[in-house]
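Have a look at this one.
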Amino acid sequence: MAFSVEQMRSALSDGLLSFPVTDFDAAGKFNAETYKERLESFIKHGVSSIFIAGGTGEFFSLDEADFREIVEVSVATVKGRVPVIAAAGRSVKDASNFAKIAADAGCDGILLMPPFLTECPEDGVVDYASQVMQSADIQFIYYNRGNGILSAESVKALAAANPNMVALKDGVGNIAALNDTIKTVGDRLVYIGGVPTAEIFAEAYLSIGVNTYSSAVFNFMPEMANKFYKALRAGDQTVVTTIIKDFLFHSAVCATAKKATLLA
Amino acid sequence: MAFSVEQMRSALSDGLLSFPVTDFDAAGKFNAETYKERLESFIKHGVSSIFIAGGTGEFFSLDEADFREIVEVSVATVKGRVPVIAAAGRSVKDASNFAKIAADAGCDGILLMPPFLTECPEDGVVDYASQVMQSADIQFIYYNRGNGILSAESVKALAAANPNMVALKDGVGNIAALNDTIKTVGDRLVYIGGVPTAEIFAEAYLSIGVNTYSSAVFNFMPEMANKFYKALRAGDQTVVTTIIKDFLFHSAVCATAKKATLLA
Amino acid sequence: MAFSVEQMRSALSDGLLSFPVTDFDAAGKFNAETYKERLESFIKHGVSSIFIAGGTGEFFSLDEADFREIVEVSVATVKGRVPVIAAAGRSVKDASNFAKIAADAGCDGILLMPPFLTECPEDGVVDYASQVMQSADIQFIYYNRGNGILSAESVKALAAANPNMVALKDGVGNIAALNDTIKTVGDRLVYIGGVPTAEIFAEAYLSIGVNTYSSAVFNFMPEMANKFYKALRAGDQTVVTTIIKDFLFHSAVCATAKKATLLA
Amino acid sequence: MAFSVEQMRSALSDGLLSFPVTDFDAAGKFNAETYKERLESFIKHGVSSIFIAGGTGEFFSLDEADFREIVEVSVATVKGRVPVIAAAGRSVKDASNFAKIAADAGCDGILLMPPFLTECPEDGVVDYASQVMQSADIQFIYYNRGNGILSAESVKALAAANPNMVALKDGVGNIAALNDTIKTVGDRLVYIGGVPTAEIFAEAYLSIGVNTYSSAVFNFMPEMANKFYKALRAGDQTVVTTIIKDFLFHSAVCATAKKATLLA
């Protein structure tokens, strides 16, 4: 852990977040060499935090040994230049185990995914997340998504019960519900945008206090992702409009056509 | 018609829009006296346009005679102080008839509702709306809602085919789709927010170029609706947050509980 | 009115129902001559009831004069050989007016459509439907569809309040909810299947007590629609499977591709 | 493996399937003693197959050691009296591992759950399932559910590529889509109903060739579950109606109220 809570809040509140894909070779084995190059490239392009082994990073395909190697390689490569956040999820036991491995390896935070398969009432999801958050001495970001979506009141309860919950990442894209949550929970949490084509939501996110988002596009076109983010924060409406119009619209259409979902 | 197209664009682009309920007596007959007082009160509270006989104004319950009386009373009462927009909808024939009645009575524009009952492909909806728009010499606002929802490309086609289409009103609340439409169609149209509890969407609407919205709340608490709108446009985050937190959240909850839908 | 309530229940409970399209000429005027031929053809093919001016019959496009002519021509053509059911809908006032016109013309029943545009709690829909049912001395079939969908308890309340409610037509296709309704309300009502490609639902409908359905396909291929219905009722699984597999599957795909909705 | 493919097809095609909950003690440890009693009780009540460690059996909470113990205890307890089917799922690697553990322990089949977290196009899901099915020498039942829902054409492709796919379990409850699948794929597979309150769907399931279903209710009231199933297969409409009306309706309401989802 190279960053204080305040430093991490600050990193999560300003700047583009990035979610590197995880490199595998043709045999399905983790390729540490190309992955290190990827991380260096991300840092060179000025990301404010790196989220490893997450949705874009194939968390759902990794076993414990893969995960351990990825978090260790990441921490050793990033060397405290930016916060490193690793994913955790599945059952309470598995998620706690992933969180401990990441904390022991020196990661700065955990992005907590929803549980596997089961659909349960919101209070059950709050229990799931609380048990995981209380299992490791590290900051947690809760990913509001899939079978783990929490309403404003449940997010408030989760944050109240877990001082080491630092942020909420939105994977829904329901602006009214997210605005309810932000107005209800306020500055207690940092808010991160995380829908697939986050750039299309970026202006609306920013308007309600979601300053940063995870850019899936960053994996493919980091310069354009950066240019868009800078224009957005500077209020340069012409650049924002041009990029959404010329580029992102078409990729959104493509993505929908293939039903691809790049939830970072 | 008391306003030029440019004056109407301007009125629709800045200031709170209001949708008076239509007054009926216990026997279900239009009550012109209390309705006139309502219109005066709306103007006194500084609305920038008045949308009459719309969703909040019970358009779905009005027959031709009711509608004619309401538009005539409205024009005679408002006397050109702000634009008066009347609803039209149902079949091509009925909607064209409503539009002509409103135009003849001196209204400044038409809010075109989706057709009754039928669900058809988007090109059919574009045909429906085009036929109505071409039936009357008046400006039209298309209400994107219910069984008449159009994607960005269809809105673009509708605007291209109908020079007298001046605006799009959003009744969906899907920020990504609306942003696509705005980035695709651009300044050719004015964009108006129209989801039930529009105040919760107001910051996001504004961030993508939707400067105004129809405030259902204005019917009950005009001072608060105005205070919120002014704070929003001035960027006064504290007032915006307080009003959403203390008031609107609870009314949204109430509305949901009763499944009430105040689509203005 | 040529049929007693019991005769109508019987006709609605056994045999294929049909919903003729309404014939228009190129100028959009009702074409009585070709429409009469269509009705004769329907009767010749052995339908058990004819539903006129409904969804397939462009009810949403008809004005009062169109509607009056269609119901009068229909009653004069059918001459009591099978029950004639006409649609009604829109506002309470309009729907009551349509129902009276149909009753005066000698129709045997009314298919009540949901209200125009408004979305309201279920008790409001029950009020809407009750007011219409109490406005005319004729049997009513409630069409559970669109913005007028009622749960089991609301259907029960509607039937209890209106002795002249004879049937419920399903336009939803949610078998669990429909089964709840049928088990809750029981024999008080007749149940009619009415989703767009009703043949795909036919076996499931029949299994819970929905013996008949409106066949949109009947308009185009009456022999095949009849062959399917007879095989269904006779339990001839081979014919049922072959027709669904070879024919209906492909038309369902086509319909979806064009997003066409032939809600009869 | 105590049963041939034909014996298993037969067991899956006739009789009530059951999904025992997995017994844990207060410390969250598997309780083999009470679990064995549960299995004996299930067999005594005449179930035709036992699905262990599935959705109702907390598959999502089990680690490899838990799973191994449960499948071994189950096989040793059931002793070939009925087929024993174990769940598998998560990533390709994990699901293959679970399948191998179950096959090695002597289970008769695998119920394959959808992958964890990721949402991908249908061809990706087919790949996922095919890789798992090809990793173990055992019969597979594909569970069509959640983020792994396949259309008729994809089910057909999956069955064609994997001779050891014996059945499809429906967790969706869309009768039209399921009927398409059954008419398209036919006798190549056995079809099993698997929505939460399967009894409400049972008549419709049976009508399209889904003879059996997993009864969550069996866990709590095995006599009633059996009585219902026997009446259903015997066509005893009075008993079926009475049980749905008096009992299941209320449990469905309770389940919905708590948003509980007992996907077995």
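Here the chain labels run A, B, C and D in written order, and each chain numbers its own residues starting at 1.
Everything below uses one rule, namely that a contact is a pair of C-beta atoms (placed from the backbone, for glycine too) under 8 Å apart; a residue touches a chain by one contact, two chains touch by 3 or more.
Quick caveat, the model's predicted, so the values are computed rather than measured.
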Notebook entry, point to check: Any chains in contact with both chain A and chain C?
Noted result: B, D
Next item on the list: Please decide if copies chain A and chain B contact each other with the same set of residue positions, more than half shared, or with different positions, and reply same or different.
Entry: same
Margin query: I'd like the Å distance between the centres of chain A and chain B, where a centre is the mean of that chain's Cα atoms.
Written below: 38
Note to self: Can you work out the whole-Å distance between the CA centroids of chain B and chain D?
What the structure shows: 51
Notebook entry, point to check: Where the CA atoms of chain A average out and where those of chain D average out, how many Å apart are those spots?
Noted result: 34
Item checked: Sites on chain A at which at least two other chains make contact -> none
Checklist line | Chain-level touch network, classified as line, ring, star, complete or other | finding: ring
Next item on the list: Please list, in label order, each pair of chains that touches.
Entry: A-B, A-D, B-C, C-D
Check: Along chain B, where are the residues that touch chain A in the complex?
Finding: 152, 173, 175-176, 179-180, 183-184, 186, 195, 197, 200-201, 203-204, 206-208, 241, 244-245, 249, 252
Margin query: Can you tell me which positions in chain D touch chain A when the two form their complex?
Written below: 55, 59-63, 89-94, 113-122, 146-147, 258-261, 263
